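So the structure is just underneath, and the comments pick up after that.
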Amino acid sequence: MNTVTQLTLYNKMVLLRHFDDMCRKLKMEDLIWSGYHPYTGQEAVAAGCCSQLKQDDCLLGNHRSHCHAVAKGTSVRAMLAEMMGRQSGVSGGLGGAMQFIHAENNLFCGSIVGSNIPLAAGMGMAFKDQQSHRVVMCMFGDGGSNTGSFHEGLNLAALWKLPVIYILENNQFAEAMPVAESVACSPLSKRARSYDLEEITVDGNDVVAVYNAVARAISKARAGEGTSLIEVLTYRIRGHYMGDPEETYRTKEEVDKWKEKDPIKLCRSQLLANGVAANELDEMESMIVKELHEDKSWVLQQPFATFEQAVRHVWIPLEQ
Amino acid sequence: MTETQVVTYGEALGQAYREEMLRDENVYLIGEDVGRWGSLYRSSKGLLAQFGPKRVKDAPLSEAAIAGCAVGSAAMGMRPIAEIMYIDFITIAMDQIVNHAAKWYQLSNGKVKMPIVFRTQGGAGRRNSSQHSQSLENWFVNIPGLVVVMPSSPYEIKGLLKSAVRDNNPVMFIEHKSLYFAKEEIPIEEYLIPLGVANVKREGSDVTVIATSWMVSFAINAAEQLQKEGISCEVIDPRTLWPLDKETILRSVEKTKHCVVVTEAPAEGGWSAEAAAVVFEGCFQLLKKPVTRVTGMRTGIPYGSVLEMQVIPNEEKIVKAIRNLLNK
Amino acid sequence: MTETQVVTYGEALGQAYREEMLRDENVYLIGEDVGRWGSLYRSSKGLLAQFGPKRVKDAPLSEAAIAGCAVGSAAMGMRPIAEIMYIDFITIAMDQIVNHAAKWYQLSNGKVKMPIVFRTQGGAGRRNSSQHSQSLENWFVNIPGLVVVMPSSPYEIKGLLKSAVRDNNPVMFIEHKSLYFAKEEIPIEEYLIPLGVANVKREGSDVTVIATSWMVSFAINAAEQLQKEGISCEVIDPRTLWPLDKETILRSVEKTKHCVVVTEAPAEGGWSAEAAAVVFEGCFQLLKKPVTRVTGMRTGIPYGSVLEMQVIPNEEKIVKAIRNLLNK
Amino acid sequence: MNTVTQLTLYNKMVLLRHFDDMCRKLKMEDLIWSGYHPYTGQEAVAAGCCSQLKQDDCLLGNHRSHCHAVAKGTSVRAMLAEMMGRQSGVSGGLGGAMQFIHAENNLFCGSIVGSNIPLAAGMGMAFKDQQSHRVVMCMFGDGGSNTGSFHEGLNLAALWKLPVIYILENNQFAEAMPVAESVACSPLSKRARSYDLEEITVDGNDVVAVYNAVARAISKARAGEGTSLIEVLTYRIRGHYMGDPEETYRTKEEVDKWKEKDPIKLCRSQLLANGVAANELDEMESMIVKELHEDKSWVLQQPFATFEQAVRHVWIPLEQ
């Protein structure tokens, strides 16, 4: 990977880290209302996967997708506004932090784990039938891989060779459930075999590795060569949500060990080794932080979603 | 006068498919054996040959995937008709229908339309016992975002399906397994039946009988029988359970001042309660007697024709209920 | 007088678990994070430590398997309490509940009992938007073979859960997410609340208010407020939606001659229709005015407290409806 | 395998063949009312799998389980009576040919494809927790292997090492759907890998092969060594149901090719080669046929299920 691309990915990760930190604060201040699922430590996945999509490609997320969304190109403002219930949010402020649709950016995130897997197949099927070269990416977790939806969706997509890239974001836990106690196989990529797909596991804290694996899968999909399933190994550094009693399922030592493998640190040291100047990186970071604060200030001025909105778009009155 | 043809419910459905698929190339069919077999009751027979496998998709045995595929592709501009072979299996597709199809229009703040027809069939009458004979329509009536249609005859199914396909809401289109071979004279010319409009199947002055799906024919027969005794029944087929054409129903009850609701589903928590409540609410002053609900019993549908007909409404039970109501 | 304690809904639930698990070693808990976490609202906190992983099973993210496991093990003599974390996810477990749990007693000709409690929680009030806030209870009321319970307070949840665990039918036990931190004084001594018996929460003479689950507290508040204006409301919590204690309800309406039904679920196809129909049918002659339904609006639950409370019933809406009904 | 055991299996297969033939006739005479799914050609599966279970082991079947039931030891009379709606049927005549429960024989058959897979896990879980040595067998088809229930059920059973033997009876079709067009992998046993189970495919027309593979799995389960998944390759010789327009999805040649591999013929020639006398086999067969006709005559005298039965066991009245 050339340094320019890597730098872009680095900056994206830095943005996501600060964005996520800001959101956590907003949640603590009760300005984000719904359940909020932090993304700390998984930034290489969102950056390495979602930022490769074009606007007219589809991205399906889940309950932990605010960073996926921004990586796909949804603005921080539109995303923050959504989480804070403002009209300028991607869903007009009707969705919140766990579920939202940004139609213009072909972004669909829902809070029913696993359901996006068949939905992604449907979108891929449309693209295939429309003979477009659009592709679909679908993000789900280790928990998601235990749902019936996973099996039905993967089988259909693989069978019909649909242009879908399934990203199994294995962050080691589904809420308090460790992956080894919930998934009967290891590595999880073994599940690809049920659909005659390649078994791929990549280091999800290495943004370059993620990027390269996903780039291949996207090219395949665009070329009409069908579905991929990629397991991306990472770790959820923070609780499942804010207030998660983490002590019930893991030790501080385990978390600390994973903090060593921070994807941003790793990428930074590679960039430095490739001759990028530290102060250049720091300057970029300052700019990112500054802009984020401007975004937040802007959102705080935005009007809340209204009752009229909430009842307007339930259904489309019948034509008679 | 328009020219007519005699067709079965299944054939009328096939005609509706064909016409809509020719009209709009975004319309496609997906389901288990909708292609090779042409569906369990052969309603889509010939479509695979005519339109090819892109438009008529035989899916694996995966109801959640079928429904999810419909939702995903609808969001990308297609107009799926997704068949769930028996309504009993819709239990496996509920998440996609309720949490996604019914929610995305609102969740996208009005930007993503969901022009999907979820076709399925329910009810008893074909001796397949309790896991293949349920009447679950009221589940969907209680879900904001869904339209619910129950066609009761060949004429109805053709016109209603065509409207359902053209509608931009997710439509639950619930057929009845005992109707596929029912015959009726219908126009040869294209026609549509608007959603949300009830059909006064038979005019009458003494009592309004609201009946759905298969129950419409039993209600008509009961009405014919009672006619001989001098009792005049108005029979209304709501056709669309939601949105409900309250106006037609209330206008009728204002006239007859008596009302019977007939559904195959059990009373408790069923759509008969909704219909009764609407009538009570709208005609409280005029009603001479409480609305009577004639419904399926609170039991799983047992095996065999004799027992099936003993636990669901039939002509005799409807006649009896009407006589009771009118004290005759 | 019995000694009392003040507990939350969640704690009361935990006590019921503990007492029943000590009483009968066949009782076990299964669900997502019911063990390590002690469930989302900590109602089963401490049980894993006390009873071990055989009795408190953390299941993978597989709602169909959780429900299936409950049914299968119940047929082999266990008494599962199966938790579906949000009722919105029960869409994934419907097949096991409706086609199996509700059918096997009949299908075995009365030989296989299904002593299962399916616990879940629904409703709005915690700002989690349309896929995590639904009120789907009426689906189950329409399914023969299921018992449906909605506990409205700490006192209720403890006594009702204990009865549900001892019952040999599959019981849908639908809690409310906005109640887990509600507090109430309850007896320290063991008590049970029988299923199928309504609770007159407050006596009154002008109007009967039937309210379920979270809505009970709004109805009580509305009643207190109206009391100041000289309007006397009787508030009834049916507790069990099926079988319904019609007697208690009808006796009340016979006295008050007015009735309001309050549910969080939308009106159309919802349980409010069933309650209204029952009252209309039973008290038709005595009712002075039509039963009023105060219900959630026909919309997905939007994001945030302000909008949530605008689309579901609240004290103010109930007060207004009662004033309207009584022309005051 | 010793000749005595094989002879028993042979006789079982012969019984099932004649039983199935008789049922088809009864269906044509409209004495069986529900959908009826013939079993011709698959007898080695029922005989090789289900006949190894003890009465207190559980068997979960599906819509095509009348032969599974008889192989498990349910009497022909009780099974015929059920299909013909008689009170002496296993479900009291309330179930029919596609769904029935024979509580005394721990037999549970339902007509929702795939649902029995999690149900079997639940029974296995009960047995494990009760520290009994009872085992559970669960029969489902290639179609069933595409359901979400398959994935959720197998994962749970494998994870918790439950004493369940899953038999994937691959008869090449799910209704009109050929397996190659509905299952994204081949052989289907690859799916075992998703649950870290052994990948086992056996010739389902060879009763000895089936028997041996299943015997191993049963011993494992009884010994507390957990779950097995066995793909049994066979072929559905007749239509999915009576009246199936088979020409829409397969050729007569294909069917004829498979008829050559008839499991009964194969077993018979092995027995003859091992010195069993042909007339001995024929005599046994005559006896079987004779008994079957007696069973049928008996059933035809039995009273039909009643309305009282149909409403009596919907639920158990509450104790108050």
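Order as written gives the chain letters A, B, C and D; numbering starts at 1 within each chain.
Going forward, a contact is a pair of C-beta atoms (placed from the backbone, for glycine too) under 8 Å apart; a residue touches a chain by one contact, two chains touch by 3 or more.
Keep in mind that this is a model prediction, so the values were computed, not measured.
*Asks:* Farthest chain from chain B, going by mean C-alpha coordinates, please.
*Replies:* Checked the centroid distances; the maximum from chain B is A.
*Asks:* Please compute the C-alpha centroid of chain C, do the same for chain D, then give the distance between them in whole Å.
*Replies:* 41
*Asks:* Using CA atom averages as chain centres, what separation in Å is found between chain B and chain D?
*Replies:* Here the centre of chain D sits 36 Å away from the centre of chain B.
*Asks:* Need the CA-centroid distance for the pair chain B / chain C, whole Å please.
*Replies:* 30
*Asks:* Two or more other chains touching the same residue: where does that happen in chain D?
*Replies:* If we look for residues of chain D contacting two or more partner chains, we find 91, 94-95, 99, 110, 112, 146-149, 152, 155, 159, 181-183, 309-310, 314.
*Asks:* Among the residues of chain B, pick out those that touch two or more other chains and give their numbers.
*Replies:* 60, 62-64, 88-89, 91-92, 95, 99, 106-107, 130-131, 144-145, 297-300, 302
*Asks:* Touch graph of the chains shown: is it line, ring, star, complete or other?
*Replies:* complete
*Asks:* Which residues of chain D touch chain B in the complex?
*Replies:* Listed in rising order, the residues are 33-35, 85, 91, 93-96, 98-99, 110-114, 143-144, 146-149, 174-177, 181-183, 245, 248-249, 304-307, 309-311, 314.
*Asks:* What does chain D use to touch chain C in their complex?
*Replies:* 58, 91-92, 94-95, 99-101, 103-104, 108, 110, 112, 115, 117-127, 129-130, 148-149, 152-153, 155-156, 159, 309-310, 312-316, 318-320
*Asks:* Which residues of chain C touch chain A in the complex?
*Replies:* It is residues 32-33, 36-38, 58, 60-64, 88-89, 91-92, 127-132, 297-300, 302-307, 310-311 of chain C that touch chain A.
*Asks:* In the complex, go through chain C and note every residue touching chain B.
*Replies:* 64, 88-89, 91-92, 94-95, 97-99, 102-103, 106-107, 130-131, 134, 136, 138-145, 241-242, 244, 265-266, 268-274, 276-277, 280-281, 284, 287, 289-291, 293, 297-300, 302
*Asks:* Applying the document's contact rule, which stretches of chain C touch chain D when the two form their complex?
*Replies:* It is residues 28, 54, 59-60, 62-65, 67-78, 92, 95-96, 99-100, 104-113, 144-147, 166-169, 194-197, 243 of chain C that touch chain D.
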